[in-house]
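Next, two complexes with chain A in common: one pairs it with chain B, the other with chain C.
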Partner chain A sequence: MKITFPHLGYCSIPLRSLFADLGHEVIVPPPITRKTISLGTRYGPEFACYPLKLGLGNFIEALELGADTLVMGGGIGPCRFGYYAQVQRDILLSLGYEFKMLVVEPPLGHAGEFLAVLREVLEEKSWFDLARAAQLAVVKLGACDDIQRASLKLRPLVQDKLAFSRLYQQTLMEIDEAGKVRDVRLAKNTALTAMEAIPRLNYKPPKVALVGEVYLIAEPAANLRIEERLGNMGVEVCRHVWISQWLRVNIFLDFLRLHRQEKAEKLAQPYLQCFVGGHGQHSVGETRKAIQEGIDGVIHVYPFTCTPEIVARGIMQKLAAQEGMPLACFSMDEHSGEAGFQTRLEAFVDILGTRSKEMNSYS
Partner chain B sequence: MRIGLPRALLYFYFRPSLEYLDQENIAEILISSATNKRKLEQGLALCDEEVCLPVKVLMGHVHSLLEEVDALFVPRVISLEKKRYICPKFLGLPDMVRAGLGRKTPLIAPEINAGWSKSRQLREVAKSLRLLGVQPLKLWDALNRAEEVQKQHRRQLAVALDLPPAGKRVAVLGHAYNIFDEYLNFSILKKLSLLGMEPVTVGNFSRDQINQGACGLSKDLFWSYGRELVGAAFYCLNSRAVDGVILVASFGCGPDSLITEIIGRRFSDSPIPLMSIILDEHSSGIGLATRVEAFVDMLNWRDMA
Partner chain C sequence: MGSVSTNFVLIDGEKQEVYSSYLRTMGQPINTVKEGLSGVGDFVGGGQIAGVGVTGSGRNLAAVLLGADVVKNEITAHAVAAGNTCPGVNTVLEIGGQDSKLIILRQGVVVDFAMNSVCAAGTGSFLDQQASRLGIPIEEFGGLALQSENSVRIAGRCSVFAESDMIHKQQMGNSLPDIIAGLCDALVRNYLNNLAKGKELKAPVVFQGGVAANAGIKRAFEQALGMEVLVPEHYGVMGALGAALLAHAQPDNKSSNFLGLGISEMSHRSRSFYCSHCANNCEIVELACEDRVLARWGGRCGRWSELACKDIG
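And then the complex of A and B:
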């Protein structure tokens, strides 16, 4: 089996490690470029959201490189992501590609289908092999999340942003290449020490909460590297969606029925009472949390036409206006231009700066 | 106490039972008048610009009722069938209305959830209606009868496909709130009738026919109304019950973005012509009329060739 999967930020690192350890050849799709975007938009449905199109582009590029097994997530609604695999398969088949698609449905409620996919991937490997491969993958994912967390905190402060970016990229590469849990931890700890050691500016960065849909938050190619841009402008990004945490809550805890209501969901309830699919309720809850925690601004990113986030957006805008919280909403798709995006971000950051100066002069 | 019922969204699906409840005098119900330009513009002003057209229209209706009623009926519809949703926007609808009109807006917003038992559902509805002082037993009775009315209405409609067609038959498939709101779709059904066609809608397909069509899906769809659309379209394809299909969707509709693709792909190599129409507040009646006329001409000329 030559396995491939769509990109989701640095998730290709743990996924590659997982499938490679199970003895498969892994074809990681080429990084998302203009070509990926145009392939996805050319063959994908016009009004489908950006993640479908980018995933489709990833699959086409990987199939061109010889992949024959596509791994894709499933779902049970109401977010349309749950039907993406079927639509993508139909499109790819009509383009004449030959492949097998493995759709990973959520284990709770679809245990049979989930196990069938697992067996298919395992082939003659044992459950023990799976556990070992999964452990390494989870550790790698956690390490990537830790590095990203550190970079969100440190990037606005370091003097040499370029050296910082280089160190960040190099660390991800080391984590990707590490073959043992110990090596991953070593790479992570060395990098964290090196990051701390870079000379810093002496200033207190404004804080911005980045909320919204998980794909758009986690995939830099889709959000036009928003975290890096904000970091380079000297803004600290606080983010609530982490893939490792998402896996823990939605796969393991849900499966064991230990899932408890999260804080963000509770906070959202007076404004958005129930789950609306995707991360809609979280976006509202995180906005309220940001207001309570005295964060300077909120940035909302989501794919254009994403219904759950649009429901959340109307509510967030009223809430933010009421509480005097600066809020910028970015609905992203293949037409998002970098220059316009940069200008809007800069304007937003300027507002934060002016506000804090005004507040200081009043107090 | 007067309850306002916006003539928008799910009203168009449950018109028979809602009108029945209105006659039964369970409560004083005021149904807003048909959509017009003022309602749409009011809705546009109150809504976030990215929500879909039917929600904007709902806001307009809700606003038009506000002055005249004591409370508005905007239920939170989670699901109408087990394990299927309708659309994420219905899950947050009361919250969206509150965000648009202020948090103090008096709403009657029972949660409708097909995953619940019937008694739990009744408790929820009775709780939300307690202001009216209706006895639960009377309510239960009225709701059961309304359900029967709704079912009977559906059965009556579903025979249309078995009757001999009056002219060429065109299936106009889309959500009821787009198909039956004449202001939004520029009376597309009337237009087709005037051109000598017999328009049929999703309601004219029986449950069996829809299930039969939906069998052709590789994974069951988790949107009730989306599944009906696909089922009806696939049934048309298999049974050749219609001469043409027109898909009507609102711009930015999440479920329909995939449904249009699934249906379009299946129809691409079939002899039944398919036209897809996307509606939003910028649509023009003239443009739509031209497209519908061209579609009808094409259907008529196919026979001559």
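And then the complex of A and C:
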């Protein structure tokens, strides 16, 4: 099998590791570029959201490189994502590609389908092999998340942002190449030490909570590298959606029926009682949490036409206005011009700056 | 430096505007800046420029070209200018060539803003286009709208729909002033639907940007909001004024980066290319003055912007 999968930030690192350790050839799609975007928007339905189009572009580029097995997430519920694997498969078939599509459905309630996909991927490998491959992949994912977490904290403070970016990229590459759990940990710890050692500005950065739809938060090519931009402007990004954590909650805890309601969902209760799909409830809850925690501003990112986040947005705007919390909402699509985006971000950061100055002068 | 116009404002040490010019960018930002700068040079004579601030969608280009001390986004620049011109302003409506903005201030501080994203339906370019289609100079557009007593209903959501609606009404025999007034109403409706939803618009309201010249739009805003709308004297150059005020606010002990009035005489050259170093294929833009590269930008990794300091070699 020549396996491929759509990009989601640095998730290609653990996924490549997982499938390669199970003895498959892995074809990681080329990074998302203008070419990916134009392929996706050309063949994707216009009013489907950006994640479908980018994923479709990834698949086309990987198929051109010889991939024959596509792994895609499934799902159920109001968010259209659960249906995207089927739509993408039909589009790709109509374009004349030959491939097998494996759709990973949530294990809870779809255990049969989930296990069938696993067996297909395992071929003659044992469950023990799977456990070992999965362990390395999970460690790699955790290490990437840790590096990202550190970069959100340190980027606004370091003087040499370019050197910092280089170190960050270098570390991800080392994690990608590491073959053992020990090597991953070593690469991560060395990088964290090196990041800490870069000279810093003496400055207390304003904090912004980045909330919204998970793909848009985790894929820099889709959110126009918002975390990096904010970091370079001297803003610390607080983010609550992490892939490793999402896996833990949605795959393992769900599966073991240990999943308790998360804090964000509870916080959303007075405003949004029901599950509206995707991360709608989370976005409302995270906004409330940011207000409680004294964060300086909230940025909401979601794909254009995303129903769950549009439901959340109306509530968030009212909540933010009531509480005097600066809120910027970005609905992202292929049309999102970088210049206008940068202008809005800068203006938003200016609001945070004047606010904190004002607060200091009162205290 | 905006998409449609490039404006220059000169202020004195007392923050008073002493000179301003409004030039159409005409798709040639570099030449327009040089032309505007030579106008400034003629006015200044032997005087000294103490600092330069730039803003607008072309601010980064202008900053490199001029050697700016302050590079500020146009939302903040407009808010600063409005706050300085009309102290106590709570709402700023700004409609420019390619985008429109709504800025909410309280106690002189920006607390919220909105900017149209991808659609040009509510902007000056669309008015320009319709004026030329009707064969009316844009300067007379607003005056004609005021003659109307019964504006017709035009769909404002999309410029394409608006245009076909206007043609339909024109063929039905509605009078030109009524159609133009209807267009003004539609544009204002579009602006308020897109930018003002969920926001509290409080008086005093200031209306600025190139479109503020249009009395028809001003009246449509007043009718829609039910309050007076103020148009400041220098409505067309408020962004530039804001940038100048921000440059003025720089500490006095800092020497200016300004490259001098002489740059309007030098030859500049810009080119762009795709970097093939990695799969990102970033589009790199390079600006050179005489034989020296002033800057390169557009890359994600910094490889090209770092090279900028060195001469072409």
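What to note about this one:
Heads up, the rule we're going with is that the second predicted complex is superposed on the first by the 363 of 363 C-alpha atoms of A that agree within 3 Å, B and C clash if a C-alpha of one lies under 4 Å from a C-alpha of the other, contacts with A are read in each partner's own complex, and residues count from 1 in each chain.
Definition applied: contacts are C-beta pairs under 8 Å (C-beta built on N, C-alpha and C of every residue); 3 or more make two chains touch, one makes a residue touch a chain.
Nothing here was measured: the structure is a model prediction, and the numbers come from that model.
With both complexes brought onto chain A, simultaneous placement of chain B and chain C is permitted, the two fitting side by side without a clash. Measured by the number of chain A residues touched, the leading partner among chain B and chain C is B. Of the two partner chains, chain C is the only one that A:346 touches; chain B does not reach it. By the touch criterion defined above, A:232 reaches neither chain B nor chain C. After superposition on chain A, the vertex angle at the CA centre of chain A, spanning the CA centres of chain B and chain C, is 80 degrees to the nearest 10.
Contacts of A:318 after superposition on the shared chain: both chain B and chain C are touched.
After overlaying the two complexes on the shared chain, residue contacts for A:354 are found with chain C alone; chain B is out of touch.
With chain A used as the common frame, chain B approaches chain C to a shortest CA-CA distance of 5 Å.
Comparing which residues of chain A touch chain B with which touch chain C, the overlap comprises 314, 317-318, 331. Of all the residues in chain B, the ones that touch chain A in their complex are 47-48, 50-52, 76, 78, 83-89, 91-92, 94-96, 98-100, 111, 217-219, 221-223, 251-258, 260-262, 265, 278. Chain A contributes residues 45-49, 74, 76-80, 82-87, 89-91, 94, 103, 271-278, 280, 304-308, 310-315, 317-319, 331 to its touches with chain B in the complex. Residues of chain C that touch chain A in their complex: 57, 72-76, 99, 109-113, 115, 117-118, 198-200, 278-281, 300-302, 306. By the touch criterion stated above, chain A contacts chain C in their complex at residues 30-31, 33-35, 162, 165-166, 169, 225, 314, 317-318, 321, 324, 326-327, 331, 333, 335-337, 339-340, 342-344, 346-348, 350-351, 354-355, 358.
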